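Next up is a structure, given as structure tokens.
A, B, C and D label the chains in the order they appear, each numbered from 1.
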Amino acid sequence: MTAFDYAPAIALLPFVSFLVALFGGQYLPKKGALAGIAATAGSLVLSAWVALTVAGGQTYNEALYTFTAGLETFDLHLGILIDPLTALMLLIVSFIALLVHVFSLGYMNDEGETGLPRYYAGLGLFTASMLGFVYADNILMAFMFFELVGLCSYLLIGFNFREAGPPSAAKKAFLVTRFGDYFFLIGVVGIFVTFAGATQTPGLFAGEGSFPVVAEHAIVDGATEGLNTFGFEPQTWFTILGLLVLGGVMGKSAQFPLHTWLPDAMEGPTPVSALIHAATMVAAGVYLVARMYGFYALTPTTLAVIALVGGFTALFAATMGVVKQELKQVLAYSTISQYGYMMLALGSGGYIAAVFHLTTHAVFKALLFLGAGAVIIAMHHEENMWEMGGLKDKMPVTYYTFLAGSLALAGIVPFAGFWSKDEVLYEALIHGFGTEGGLGTVFLVAYAMGLLAVFFTGFYTFRMVYLTFHGEARTETAKKPHGVRWNVKGPLAVLGILATTIGFVNLAPVKKLTGLEVDFLHKWLLGAEGSGWEALLTGYEHYEHVLHDGPAHVLVGEPLGATGTLIASALLSLGLAVAGVLAARSLYKVPEPVEHTDKLGSIKTLLMHNYYQDEYQVWLATGFTYPLSRAADKFDQGVIDGVVNGISSVSLFSGSRVRRLQTGVVTNYALFITIALVVLLVVFGLTGGWF
Amino acid sequence: MSNPWIAIGALALVGVLIPLSMISVSALLRPSVPEQGKRATYESGEIPTGSSQQIRFNIQYYMVALLFVVFDIETVLIFPWTVIYRDAVGALGYEQVLFPMLLFLGVLVAGLAWAWRNGAVQWVKSPRATRQLSTNNE
Amino acid sequence: MIPTQYYLLLSAAVFCIGIFGVLTRRNALIFLMSVELILNAANINLVAFSFQYGNLSGQVFALFAMGLAAAEVAVGLGIVLVLYRNFSDIDVTEATTMRW
Amino acid sequence: MVQLPTWTALSPTLLLGLTAIVLLLVDSIDPDSSNNELLAGVAGLGSIAAAATSVWFIVAGTGLPAENGELISLFDDQLVVDQMALFFSFLVASVLTLVVVASYDYMADKARQAKYYSLTVMAATGMSLLGSANGLAVAFVALELASLPSYALVAILKTNKGSVEAALKYFLVGALSSGVFLYGISLVYGATGSLQFDAVAAALTDGVPAGILGIGVLMIVGGVAFKTASVPFHFWAPEAYEGAPAPISAFLSSASKAAGFVLAFRVFATALMGDAVLAVVDWVLVFQVLAIVTMFVGNFAAATQENVKRMLAYSSVGHAGYVLIGLAALTGGSSDAYVLGSGMMHLLVYGFMNTGAFLFIALVEYWDIGRTFEDYNGLATQAPLACAAMTVFLFSLAGLPIGGGFFSKFNLLMATVRSGTWFLGAALIVNSALSLYYYTRVVKAMWIEEPASGLEIERYPIGLYTAVLVAALVTVLLLPGFDAVSQTAETAASLL
């Protein structure tokens, strides 16, 4: 028996905990929490075992159960694909899920919430679906679990269904992500139809006969036999398919314009937010792109779209984060923005950078959410930052871990976020310079947006930190916060240490400068020769080859020489991040910060207090940042929300009209039937030429 | 060759004339003796209940009538079979000609037995009909 | 011999009368009778075509159709009866407790 | 192994018919007492035997062509026993089994039980026979055999206004539709001189009288649309399903709909599938229009209902629209078998999940706790197992990957794509999205809302529970076991 034989249990364990909590939760001492903790711990151990096995050079790609061995068409089956990417993601998901379960003991049980079995059942199913999604070996199975993830998020976001906000937020999350999922579904069907003639296993992600590989043969070698591209050029048709699947990705990963559900989803319990944002639902979209990267790498148009959407989302969401009042709202927009970075990286050929950022983000965002949860417990469920202040001394563990997470988020050296964000931007930059034609320009534009977002990130992150923890307590609650127990502090401490250190798993810049072999993640994902993984064709080695030699021709260009570009890029992003932090410091690290700094008088005072500030920075904050942010906010609330709400109310309205057809009078029914029949007879009689 | 319509027209003419003439002749000849029983609606010997404007019958009447109609129609299905029976037996033998019809009749009998046992053919006089009958006779 | 078209016209007329009755009459019994007209219109067709083609399947089928029509009326009358008991009327437009 | 006589191929249908007669005899012997166990037992045994026989025949290959390429046909080709006939026999018999088991509790304290069971089995006989019908005459007789007991069954609660009103509407619309259907048959007979499907197909060459054939075909579409509850002949469905006793609603909306579709598959794919017909009346286009309108009417009306049973009734109309894709996406090309097959798969899966959902309603009616969404609030606190089953049904109906409904909808979607009728696929997707909304309302009410004070359930009827849980189990098992279903359905469709 090897680790892979136990792989199904990784997803099954949380599923069992779901059943236990659902049916037996009422009778258990912690209402199902312990089952969940045990199950996720088991998953974590198994994932670690699997990861070790993968480190030993083994991979796994097997069908477990076949639903339909099509007569002459194709198979639909469940299967497991485990390669280094999967192993890494399994570790992240089960780890975060475990911490969230432990934290929930403090956040839910200790606070005496009701409906806990339902809560833990939801968490269990959520984790199980995400794990199933992660190691799905074909796109149909991925879609099934993708849907389940969406369903669970609906149940968990709407947990406090008696209040006004959560049910509508849950509905919105569900509708918006479903909207994207339908494009995904069409994409899945399209992929099956397209590749069914060329391979028996069109849905697979990896190996010969999988759709990315067949598509590659079609484009690179011109082997289009058996493909059904509906009369399009393969290149064009693959672009369409890629964009359709991308619809689902944009919904789940909250990319513009389908991001609106995510801030509303803050209505759910805070541990759920942590799970959604750090490891499960939102990560699912980006993970899917990484999973089928071999397909996307083939079509420059989709790469450009991904990069642009990512860059724009990163900037857009970061500006929105600046004006939010509630702690969790700020974090929500930061999530959108950070996933934008990952999309940017994927679009611009920085596959490893994206996975790296996914990893570090999972850690520090989980940390920030759990920290926010701790603050919310302490503040008796008050979330408005303006009601806080001065919590630094009263809850030091929370403060220092939160600070670590914030530094990571803002991208300050040497915290985790710096390394990954820097690599994202660096990859976009060098590929932008190196790639010929429009694609290179797109990369540079996306890079510019990503770079600008760095400043905003630093700004809103530290605005949040200063408002929450510094200064003087602005309310009575903040003067006497409620204490938290080990089950809150424990996860925070673990994550705090990780957020500080996890960046060291991939010190690619350091390697370039010094030649030390410290880019472990890079090696992990490279898929070099002799690792048994080559046959799956999902290693970066292969992707790099596709990117270079495929139609995209993504090349590296270093305008300032190898070292120069590296250092320039790093300094630029670090500088902007620091500038953002300092701008926030200047405005908010005061005993009594002012809500909106649009009063010029107060800015003058601020200037006097902060001798090292120059006027430019202040203008940046007040004359540029706030108007832009407000405009973005208005657009978000007005136009996009309006469209979402409009569609649902139009549907319901037409539903209420349609049912009026059923008048209840049977004679009317006879009349309608006769009229319909006569209309059909006349129309078809005229077109069929009966008369 | 004569037109077939002539025969049809003649038949129709005769069909209309005979009842008309009989009604008019009897109207001329009969004595006029108005009486309650004569004004009652004739309904196969069954006594109508309620007013004569809105005629209502005992529900049992429908039951029997329906049973009659259904079984009557089923006999129609037997006629074609009887026509070809002798030739068919000679050509195909009993098991293909006689047995299916026996099966059919068996199902009919089962249905009839069920209806009988459930009281569909049992005649119960409704109280109202009995009452009306007695008032009419007074 | 009478051309088949005439039978078709006759049956079409009967069919339309039936439909007209279904649409305009609110009395459940007359509704039933109208439906019977429709069925018999079809029977006219079947017999006429059977005659035209010289095969018997149409005629035999017409017999079946008559049997079924009788059974249908039987069920229909039963329903009208319970309708009367529950709604004290055999107006088909009275029973409208369920709608929309 | 002994070769059975040919007529035994019809065993599933014959067994059902025999059961009905036995039930009548039991009632004749002892009409005054109603022995619930005996009646339900006989009906259940008969239906299980019929279902088992169909499975046996399917596995043994009875419905496949013999070595000389011929299918089993009886009575001068008026009946045919192929995979499709057996597939639908199985579908009808298994739905009947569930309904009978559930009725054991549901009808326990009600009058006229013997009539109830024998009528149900008789209707099932008609539906099963419809699957074997190979001519318009047999099809009409079988259709009526399925319909007439159904009318009576809807009205079986004679003192319940809803039941009677439902029966009236069902009957009147049904009588009108069967009149229209028969008239259509007579016109097609007039155009071809034959009632048997293959002979009709052979007679339909160029030069057939266009008007007669065209009107006839459209009227046959009408008859089919009635039986399948498709727009515009769907008007009876919401009322009949709402007013009828819930097990009967389950039976009608699952088995009866399936019977209507098998009729449609046979008539249109066997008899009327020719260029000469399509040139006169493009019935594929008619079905495309009907499919789209049916999907939208059913789902949009369902979205705004307050009564759960009526919501399910409308959703049943919507599902008829989905299955119509199986006819509307026929192109005469190589994808036809797959298209028809996907329609059949959806019917089978739908048979279990929809029956289960209606039987859950029966359970709720049995508890007497009301019909609206609010009445379902917090039901899971009292009956978690049944509510879990209901959740499976609803999500499977919506097409989430929790039951076989996911694959059957997926196959329908694939069918639209493979035949190039993308607009049908688009309508399917839009409506599935909408349907999720209203199905979720029920789930939310059961699991999330607080129960009304005083909500308490004392009785857990074993028959109803068994039926609901078995239906849920099958629905879930159809997810991993979908292979068998799809293989059978595709083979059956390719034999037409």
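Following the convention adopted for this analysis, contacts are C-beta pairs under 8 Å (C-beta built on N, C-alpha and C of every residue); 3 or more make two chains touch, one makes a residue touch a chain.
Here's who's who by UniProt: B = NADH-ubiquinone/plastoquinone oxidoreductase chain 3; C = NADH-quinone oxidoreductase subunit NuoK; D = Proton-translocating NADH-quinone oxidoreductase, chain N.
None of these values were measured; they are calculated from a predicted model.
**Q** Which chains does chain B share as contact partners with chain D?
**A** C
**Q** Once you count every C-beta pair in contact for both, which comes out on top, B-C or A-D?
**A** Of the two interfaces, B-C and A-D, more C-beta pairs touch across A-D.
**Q** Just curious, how far off is chain C from chain B if you go by their C-alpha centres, in Å?
**A** 19
**Q** Could you grab the centroid distance between chain A and chain D? Build each centroid from C-alpha atoms only and quote it in angstrom.
**A** Computed value for the inter-centroid distance: 43 Å.
**Q** With centres defined as the mean C-alpha position, give me the chain A-chain B separation in Å.
**A** 80
**Q** In whole angstrom, what separates the CA-based centres of chain C and chain D?
**A** 26
**Q** At least two other chains touched by the same residue of chain C: list those residues.
**A** Those would be 22, 60, 64, 71, 92, 95-99.
**Q** Identify all positions of chain B at which a residue touches two or more other chains, and write them in rising order.
**A** none
**Q** By the touch rule stated above, which residues of chain A touch at least two different other chains?
**A** 659, 662, 664, 666, 670
**Q** Using the touch rule from the top of the page, what pairs of chains touch, sorted by label?
**A** Pairs flagged as touching, ordered by label: A-C, A-D, B-C, B-D, C-D.
**Q** Along chain C, where are the residues that touch chain A in the complex?
**A** It is residues 19, 22-23, 26, 92-93, 95-100 of chain C that touch chain A.
**Q** What part of chain A is in contact with chain D in the complex they form?
**A** Contact set of chain A toward chain D: 22-23, 65-71, 73, 76, 118, 140, 143-145, 147-148, 151, 154-155, 158, 161-162, 174-175, 178-179, 182, 185-186, 189-190, 192-193, 648, 651-652, 654-656, 658-659, 661-662, 664, 666, 669-670, 672-673, 676-677, 680-681, 684-685, 687-691.
**Q** Would you tell me which residues of chain C are touching chain D in their complex?
**A** Per the touch definition, chain C meets chain D at residues 4, 8, 11, 15, 18, 22, 28, 31-32, 35, 38-39, 41-43, 45-46, 48-50, 52-53, 55, 57-58, 60-61, 64-65, 68, 71-72, 75-76, 78-80, 82-83, 85-87, 92, 95-99.
**Q** Given the complex with chain A, which residues does chain D contribute to the contact?
**A** Listed in rising order, the residues of chain D that touch chain A are 168-169, 172-173, 176-177, 180, 210-211, 214-215, 218-219, 221-222, 231-233, 235-236, 238-239, 279-282, 285-286, 296-297, 300-305, 314, 338, 384, 388, 395, 400-402, 406-407, 410, 413-414, 417-418, 425, 429, 433-434, 436-437, 440, 444, 447-450, 479-483, 486-487, 490-491.
**Q** What residues on chain B touch chain D, complex-wise?
**A** Chain B residues touching chain D: 107, 110-111, 113-114, 116-119.
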